[in-house]
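Note that the chains are named A, B, C, D, E and F in the order they appear, and that numbering of residues resets to 1 at the start of each chain.
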């Protein structure tokens, strides 16, 4: 309710200012329409995780932690490792985030993040098998939003890609009697491509990249597109209760592919150097 | 994984051509108690959508003074899937309910129903590929059947990529073994996209072609939606003039 | 609350009309006191189920779907297949049906349905065993109420009996190494008797058969009795916050047995012919 | 499954005759904090019922302007069963809570307590066959102990069929291995049935005989209920005049 | 809310009376500051449990039931039996107890009870193993509060200790093919020490032992200390939104140890004689 | 179980002396959206506490007319533990949330915020032994950062017993293999205990010595809390005068 009231106030005051700015090709925070906020990535922030990264995208802050553990395969995919992705907008993240089980927004965030990893074939699950039908590696990717200023799909994808790219997995061997032994040394998890998300919002007929919370409260609709290292589209998700024209969708595909290239470069630099700011 | 989804003549496993829809049938007004309802059979999908409302909002604090709120639930019966579905509401159902709600809201003239709730329930009795598009297409007809003021119908259809080719309307087998799926919904008369999702792998040119296919599919579904409504309200297939398109 | 208010309105208006009709041996919808509504049954409506049926009883519409899958027996019944029965009054079914986990009414419907199947010994669970203590067949019976105009116990029982009577089960064999193979051909599930429910309501001192929703809102109490093909009573359930006299219970047993005979005939015709209307 | 529940003389495993009740004992006022309470020991069943109310209704929207609502919960402690019961509330407990509520409501003069809630909690500390009938019989005494206006007590008892014979008051073993169980509750002075369930297999004549047994059992339980209340309130077993029956 | 209002009434009326009494070294119910209420313990009250006891501490009444069943060990403790402790304040227990899953208070009660058993090493879990890594005994301890007049930690600990001290466990043997057979005779569970809780409340600057519900509603803070048969401290828990001075904590440790001796004596008498009142 | 937690010189596995704290670092104001926040690194613990409020109470019936209510949640992220933690809220988290709430409430001047709610959320990003003390120490700083009126800071630290010796500030390994753990929190200026727990086995004299250690640890944490707040608000480490202590 407070959120509603806040939105109303924004509607009558800031929205007209935003409209004015958009006509000049600018946004309330001074950015150009297609300009991303400052991005910084730090890996290895959670020593107890197999891989981890903290991403700051403007005032949005997200930590992704990956854990690789022993698991049992699903009956219908006995020769594949497992991927489990969860996301939580922690109650510290904003006045509107509620403690409790993940809501609709957090579930959407987890599921879109999951699709990016899965459909890009970033991980080769056929290599994450210890014994077919019995023992596989389970990859848990847990996303925690620490501060929410919008752009969660994008920031989460950068955090996940950075965490997985720097993740180690245990090495387990199977004894003759069927018992598992986890060895001391670990291996790289091995990542084959870097799927990154780009989110666009439509506000007052204009398209902006990387909307913040205030912009999201003004937007008609949102489009997230995820591209991999080859520039292929691996996931997409429209959000918001508004619409896009056919041409807007077509155009956003082109823009998303371009933006993906820059972002992947920043992530690759981080992975190699440990942390990176743009 | 080794199934060949297309034969040498680019004919699909169920005999369809690349740009061919599965058989689609819509019956309007199938749920007596509902304010509006529709049953869609879309390939093997059998989905009933029913609308209750406009009605009072519960709990009250969700009330909007200037417009209606829309509640949407996409739900699968336990017997609807090959392997029995666990009856508890899944994360997949939660996500699909959300994207469908956001696909229908742009079409409903919410301002006509201040302080009200419009409830849209979709029950998947049998599922096949493309159930979310089928469900929302039925829901849109059910909203019309309930007499809810709308800017346009919402018609949904997926396109995708299988065996290296872009195809229209992915079914269950094609979804599992194919390369990409792009569920899409539009307001056909207004030419606006209200639902868009993608999973799979498409180059940019494939993306553009798949999107084109999806729009064509939506237009075909739209035609069937209109016929179903004409049939219910005028006791006939939709006649001559197609001028609104 | 709306339901409450509706009931109040019914109370002052329709109830007096009903009373008048009942004194003439008639009901508001024109039926005789012990007359059932039009019943139609269609089997094989869900191809993906092992067996299924749609029942229409007046305006009430129910689909029952049965699935037979591989399962593990309970420790205390290692030589018995499993039966799991659920019921949901779907939110499409009426303005008073809420989405969410089954409420008290739906749980009662599932449990009374379960008792009818179990106590009538309709299925021979000792034949649904692949390997004692390890692998058995699980029979899932899921009841979905599509439109609720009363008589749910009865309509559900007809749908379940029709679904199970036409159900196929998989054939699995056990290899030497203990692994299960599910064969291509299926077998009939084999049903030994047809338990059918008959529900009576007491309204203003009169007993009516097959009450609809409006009659249920006026009734003092309800009695459901389930009889099998030999006319034996296999389940019973009183409902509602009213009472029955001893003699009413005795008399309803007699009436229920008679009605069961007719209903089982209709179901048997359906099973043989694929669909049936009375 | 091969246990012989009856010997050649038609004596049951625990030594009872066909129409004999297990030992039944009722203590009134066992829960200090409650407005009314009773402990019933019925064979191995040990069940405490406690009543709170009439009190304000929460949540408020459940309030009835002209009468009380009744909340009922039949609940089993984890240690009450042979194998430990999972502490989460089961579907069985939900169903039994419902039928017990509907068995007690006809006896309570609800109109005497408008806008109120009467809460009846039954806790099974140890369970044996017939726990629902024992629980509601205790609950009925607890309601009387709470001073709630009632038309009559409610007395419950099951009858059933074991080893081919109709018997009164089925215990745990007889329930598992017997042929039928008919839990029944009546308002004894008024001669009215408030709870009736059946599971098992009975011919029509067996049905009629079992029902007759059940009523007789309820009358015996009624006698014990009255004695327990007399004992509490007059410090003595119920005396001479039985005129009200 | 009713609880709140009650507390307010208490505050203005009874609290000033209490203050008066406390200054005289007395309490509203006539007890001395460090006097426990009448305690009675009865064991073997639930024949179906492996061990059980009912404790009455003033008007507080608690039943604890222990069940020892076959279980599977946790992966990280393959050579240890299991302990699972739950607690419920049953809705019969007071006007403020709500039906439903255990709330914060009940969870705290269960967890503090668990710590008393576990940390005192009352049970030797290494002896509760049938086959390492596969079959162990699970000890379930379920606490049910029948009437709540305060002192739940203490009364629960007496009930648990009495139940476990008199508990039998099944004897299972492992056949060559790996199947378990549960023998007819049972063994004593064998208890090595008697951890008992003592709870103190601080009211108006004074410390009282064994506070009842009314006193709890007046207290600033609560301290529970658990000692074993050797007088060692095995668990502690401060409660309430008030504070203790350093010296109060130190002093309470001394008092708790003394009180534990008397209480353990009462429990030992009960275990030997079947029931005991002080 | 056979790890030697102390070497011959009574030096601990991580090189600490018996009465030595792990490295502790507190950053204030780390969560932009929050009214107050702090990140504490305490050994390997990384915990963020954030405060929202004073704000309206939801649901309303929890409102207190004369003071604020405090909501507290101690929560662990799934990646915070050695083996991934199940995301559902555990009984352990519920208990710790409660004791932390009762440890902070005495320090907050609740009467200054009638009809309000003060919400304190602690998120464990990485856990090590002593996480509850670290979390509440961060929460106390976050409350100060939010400008909530307080009687004192609350500083927490555990002491315990390992390898037969009383030690300060138990870490994860010491917690699992040690003999006792005594989490404690105090209001350092006022000399009052607001949190006290114990599990393990201590003789009375060991109890007294452990408690003494715990208080010393709390005083050290208090110093770090004050420095962190000074740093934030005056851009420097806390200077000269320690007169308030």
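Quick note on the criterion: a contact is a pair of C-beta atoms (placed from the backbone, for glycine too) under 8 Å apart; a residue touches a chain by one contact, two chains touch by 3 or more.
None of the values given here were measured: they were computed from a predicted structure.
*Asks:* Can you tell me the least number of steps between chain B and chain D, where a step is a move to a chain it touches?
*Replies:* Shortest path length, in steps: 2.
*Asks:* Give me the step distance from chain B to chain E, shortest route via touching chains only.
*Replies:* 3
*Asks:* Out of A-F, E-F or D-E, which pair touches the same way C-D does, with over half the contact pairs the same?
*Replies:* Copy of the C-D interface among the listed pairs: E-F.
*Asks:* Let me spell it out: compute each chain's centre from its C-alpha atoms, then which one is farthest from chain F's centre?
*Replies:* That would be chain C.
*Asks:* Which chain has its C-alpha centre farthest away from the C-alpha centre of chain B?
*Replies:* It is E.
*Asks:* How many angstrom between the C-alpha centroids of chain C and chain B?
*Replies:* Centre-to-centre distance between chain B and chain C: 32 Å.
*Asks:* So how far apart, in whole Å, are chain B and chain F when each is placed at the average of its C-alpha atoms?
*Replies:* Roughly 52 Å, centre to centre.
*Asks:* How big is the gap, in whole Å, between where the Cα atoms of chain C centre and where those of chain F centre?
*Replies:* 58
*Asks:* On a C-alpha centroid basis, what's the spacing between chain A and chain B, in Å?
*Replies:* Centre-to-centre distance between chain A and chain B: 27 Å.
*Asks:* Note the residues in chain A that touch 2 or more other chains, in rising order.
*Replies:* Within chain A, no residue contacts more than one other chain.
*Asks:* Listing for chain B: what residues touch at least two other chains?
*Replies:* Residue numbers touching two or more other chains: none in chain B.
*Asks:* Which word fits how the chains touch one another: line, ring, star, complete or other?
*Replies:* Here the contact pattern is a ring, one closed loop where every chain has two partners.
*Asks:* Beginning at chain A, go round the ring through chain F first and name each chain as you reach it.
*Replies:* Following the ring from chain A in the direction of chain F gives A, F, E, D, C, B.
*Asks:* Spell out the residues on chain E that touch chain F in their complex, using ranges where they run on.
*Replies:* 1, 4, 104, 107-108, 110-111, 115, 118-121, 223, 225, 228, 231-246, 248-250, 253-254, 257
*Asks:* Under the definition above, what is the set of chain B residues touching chain C in their complex?
*Replies:* Against chain C, the touching part of chain B is residues 31-34, 37, 44, 46, 48-50, 52, 55-56, 73, 75, 77-84, 87-88, 119, 121, 123, 125-127.
*Asks:* What residues of chain A sit close enough to touch chain F in their complex?
*Replies:* 2, 45-49, 52, 59, 61, 63, 65-67, 69, 86, 88, 90-95, 99, 101, 140, 142, 144, 146-149
*Asks:* What does chain F use to touch chain E in their complex?
*Replies:* 61, 64, 91-92, 94-95, 97-99, 101-102, 105-106, 180, 182, 186-187, 190-204, 207-208, 211, 215
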